[in-house]
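Each chain carries a letter (A, B, C, D and E) given by its place in the written order, and its residues are counted from 1.
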Amino acid sequence: MDSATLYVLAAAVLFGIGVHGLIVSAHLMRKLFAINIMGSSIFILLVATATPISGQADPIPQALVLTGIVIAVSATAFGLALMVRMSQETGKATLAVEDEPENDD
Amino acid sequence: MTTEALALIVFLPLLAAAGAVVLPTAWLGLSIRVGLMPLPLLLLIPTLEVLENGAYRIALAGHSAPLGIAWQLDPLSLLMLWLNVGMTLLISLHANCSFRPGQPHAHRFWPLWLLLFAGMNALLLSADLFNIYVTLELVTLTAIGLIALEGKPPALRAAMRYLLLALLASLLYLLGVGLIYGQTGVLDLYLLAERLAPGWLSVTAIALMIVGLLIKAAIFPLHAWLPAAHGNAPGPVSAILSAMVVKVSIYLIWRLWFWGVPEWDLDRAALLLGVLGGMAIVYGSLAALVQQRLKLIIAYSTVAQLGYLLLLFPLASTLAFQAASYHLLSHGMAKAAMFLAAANILRSLGTDRLRHLAGIDQRLPLDVFALALGGVSIMGLPPSGGFLAKWLFLEAAWSARAWSWLILIALGGLLAAAYLFRVLAVVCLHPRRRGNHRHLKRTPDTASLAAMLLAVGAIIAGFTSAPILDLVEAGLPPGLPR
Amino acid sequence: MIDIALPAIVLFLIINLIAGMLRVYRGPTLADRMLAALLFSTTTVAALLVLAEWMQLPSLRNVALLIVMLASILSLAFVGLPAGREEAADEQ
Amino acid sequence: MIGLALDLLIIVSLIGLAIQSINAASLFRGILHFVVLGLAMSLAWARLDAPDLAMAEAAIGAGVTGALMMIAYRRLIEIQPDQESSLRPPPSRLAVPIALAAGALVGVIGLAAIQAEPMPALAGTAVLENLGSTGLGNPITGVLLLFRGFDTLLEITVLLAALLSAQAVTRQVDLDQSLTTQDPDTPLVGALLAIVVPLTVLVSVHLLKAGGQETGGAFQAGAVLAACGVLLVLTGRLGASRQYSPLVNTGLLVGLLSFILIGLAPLLWGQPLLALPGLWAIYWIESAMMISIALTLVLLFAGAGSLKRRDHG
Amino acid sequence: MTIADSIALILLLAGCAFYLAGTIGLLRFPDVYCRLHALAKADNTGLCLICVGLAILSADWQVAAILALVWLVGLLAATVSAHLIARHAHSAGRVPARSGPSRR
């Protein structure tokens, strides 16, 4: 058992938590949290499984994760703005199935 | 020359988007023109290069593949680029009516539109798996912003659902990319073939990426977000989303499958993808049959038509490749034409509910004509691009002795005819309710013209197929059966 | 000796932290919950400083400095919440 | 051994915080846990030998994310004070099995990836080999700006796209009021600003400068600078504005524009596209990106197209 | 182990003790104002001791300067945050508890 293995297991648990949260939470903010947690877990996985190059950490996965973090922040900020607008227009910050009057008149 | 032209194809729209943000409103029109108009001319240069010498590769920043990012232009990506440029330009003609500079949402629309365009071009050129992830995110975020632009509750809900699913999809794709890097130490798509051995780990990695892309491509049963998003977005946005944005995901799956891991034995996975495609065709068509709104019918039709693009995997032959590419092209034009025509009708009428459309053909003849022509191509009636694509599909299935696919393709055409004739019947053949559309708003001529041009393009594609099919054949991955 | 003491101190600080998070559950007021978050930032800072020494990663000190500099932002944003109104919703 | 215990504890807190941020009884608690989770993540990055990531996570998590979440929460409860009482999470018997399966899949993949025969990481090795000739000391900065600079260019484009999309969906009424604390003249706030604002500016410049050789870089510096801007907005020194401001707009785009123009320029003298001509170009682009990233994040927070100075007491 | 090391170690341990005290206060004190008081003071003293200890351990002026900066900024941030939180609690109508055991 070394710390890389531990972090891989942590990533697995965090991913599961994120998936569960994405399914069961009704509030959109929590869904965004869940997605972010899944993202973090994948970032951890990428860094923890990287093979060191002659004792030095492989810079590529870290650079990719840094880019990934920026993208996650961008998407989250946009998601929050979208959620607030939804709530302003409909009074709710959820995506319930019964809200979709797709076809009736 | 080619490098310079390709650089401008990506960076000119980006610069124009920046200009649209930073310059005062009076300059918006100029930014748009600079970002869009020169593109077809610029694209001619790489076209000549590719026709003459085959695939063209650029190592960005001068660092070649394992170290840096590469762009690769081969006949298939060239075709996709032409499609993207052509359709974006024609749809922009339409968008210039609903989002003319100075109108309420115009200064929000155009920067996003140009960014989407630039992102698509970068995506189609990129040969690097992680770079593709970044461009996919760019395309997705701008697309969702455009869907939600007008702030109507159904569009907002659709945008939110799309965002959550798209983020999930990107994560799966990213996980796959990370695993592949761990397996091979490279990120370049075209280096995978020799370095990625088929172990269960690498199969899982590819599978994760494909599932992520299938979500973004709205393939049944992961299609749930598409109809609401495409059915409630502003007209030009629906058009480009259905015509191009969902399809690049499938294009990427082709790339991964036939160029990334060509040596793998994937028969069962191919069958699975084919079955998914078949289910998409049947389900999408049936769902389109029961919709009450024109734009939703067209959106469900997209769900169905995307299914054909997956039939390439089980058929896997030169003919099937030509068929799928041609389907992508003709469906893109036809679907864009239909969405634009539907947008014009919606704009004039204030609604696109089917029962209000009776007799509309007398008041908006041009738009209804465009809708009908687009429909002809989607149904696959001769002479149209759609007919040719389906004919090639049938031929491919015939020569592979794949009878079940043959039946499926024929059935798909019949179903498409059913749901489209239902629309046309209401619009054109409903005798009693004619003439109650006195208060129609006039559609701007260019808006109808854009729809018409695309529709005519979809028909003309039925006549001028030879050069395009040759181009596709020239760009096929090695080792594909005839 | 020091090489064992340093990680042990980090360990202790993190245990401390987890214990402090109990206050977020217990509340009862929003202010109490905020306080616990505050505890988390000061303790993380201390842990990062010690880690910097132990792992010989000097840049972790800059990370710690960043966290203390930015710690007040959350409190400031918190104060913007209308007082009293949401507490009823929060206190079941 | 004790290192392992430390990792275990960090992981336990990560997991606990993650569970709580999704399942906490109230949304407010969820937000707090999520912000704290960001801090715990920076501890994890430190342990994983990734100080650059620790810094990015700390800069973004301690500053902008928390503020963004709080403001969004505040706007939500202004519309509907009781955000969740009527919400019954849809009962789903499948949720737990799906989550378990997903977690197990990731775990098995990860373990297999660790155990697998280590393949030579070609790209990473190439980076470390070529780094010496560039004059940079931090391989990550090398990857982000030199070897895979196009990723970074597109990354700031994504950030810009997020801002433009967010602006497209933000309702343009009542922009002005709801951002600041009720009373911008609360005692001590002035003193805080007098020290923290210059300090954040200094630190971000330092991170920028250091980024070439050690931990730091444009994104970290920009996130710190953004936090400074958020601080000014929260205390009423800066306000959201609808007025077109050439200065703000130029700052917003200077990063992207510099990167594109400096990246295109080498084509003129026959060099490859995006081949940055020397270290000065790297530092120039990084500085410009820092300003753009900071402004973008502040505008995302303010939910506005522009900013203006505000006078107060 | 040198004398400097032992002094540093003692300071670090003392710092931990203060952190512990702060956490106990946070958990056991009766109302939000008392808890604030416990946390803001004890934790910052703890941070101070840890910073001094680490400075001695590293024996490097540059490091000591950064540590001092961290502590000072931490002090400022904690002061302002504690003040703001107390103000918020006050305006929310929280009355300080007079005496007695913790409420929950």
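What to note about this one:
Convention: a contact is a pair of C-beta atoms (placed from the backbone, for glycine too) under 8 Å apart; a residue touches a chain by one contact, two chains touch by 3 or more.
Which protein is which chain? UniProt says A = NADH-quinone oxidoreductase subunit K.
This one's a predicted model, so the numbers in the text were calculated from it and none came from an experiment.
Between subunit C and subunit D, the least number of touching-chain steps is 1. With respect to subunit B, maximal separation of chain centres occurs for E (centres as means of Cα atoms). Subunit D and subunit E have centres, each the mean of its CA atoms, that are 28 Å apart.
Subunit A and subunit E, compared by their mean Cα positions, are separated by 33 Å.
Subunit B and subunit C have Cα centroids lying 48 Å from one another. Subunit B and subunit E have Cα centroids lying 58 Å from one another. Multi-chain contact residues of subunit B (touching two or more other chains) are listed as 130, 134, 137, 141, 144-145, 148, 151, 156, 159, 175, 181-182, 187. The set of subunit E residues that touch two or more partner chains comprises 73, 76-77, 80, 84, 87.
Each of residues 3, 47, 49, 52, 73, 83-84, 106, 109, 113, 119, 121, 123-125, 127, 148, 151, 155, 158, 161-162, 165-167, 169, 171, 181, 186, 189, 192, 196, 199 in subunit D touches at least two other chains.
Pairs of chains meeting the touch criterion are A-B, A-D, B-D, C-D, C-E, D-E. Within the complex formed with subunit D, the subunit B residues making contact are 3-4, 7, 11, 14-15, 18, 21-22, 24-25, 58-63, 66-69, 105, 108-109, 111-112, 115, 118-119, 122, 128, 130-131, 134-135, 137-138, 141-142, 144-146, 148-149, 151, 156, 159, 175, 179, 181-187, 200-201, 204.
Interface of subunit D with subunit C (complex): residues 2-3, 5-6, 9-10, 12-13, 16-17, 20, 24-26, 28-29, 32-33, 35-36, 39-40, 42-43, 46-47, 49, 51-52, 54-55, 58-59, 62-63, 66-67, 70-71, 73-74, 77-78, 81-85, 179-182, 186, 189, 192, 196, 199-200, 203, 206-207, 210, 214-216, 220, 224, 227, 230-231, 234-235.
Within the complex formed with subunit A, the residues of subunit D that make contact are 3-4, 7-8, 11, 14-15, 18-19, 21-23, 27, 30-31, 34, 37, 41, 44-45, 47-50, 52-53, 56-57, 60, 64-65, 68-69, 72-73, 75-76, 79-80, 83-84, 87-90, 92, 94-96, 98-100, 102-104, 106-107, 109-111, 113-114, 118-119, 121, 123-125, 127-128, 139-140, 142-144, 148, 151-152, 155-156, 158-159, 161-163, 165-167, 169-171, 217, 219, 297, 300-301, 303. Listed in rising order, the residues of subunit D touching subunit E in the complex are 181, 186-189, 191-192, 195-196, 199. Listing the residues of subunit A that touch subunit D in their complex gives 1-21, 23-27, 29-30, 33-34, 36-37, 40-45, 47-51, 53, 56-63, 65-67, 69-71, 73-78, 80-85, 87-88, 91-94, 96-97.
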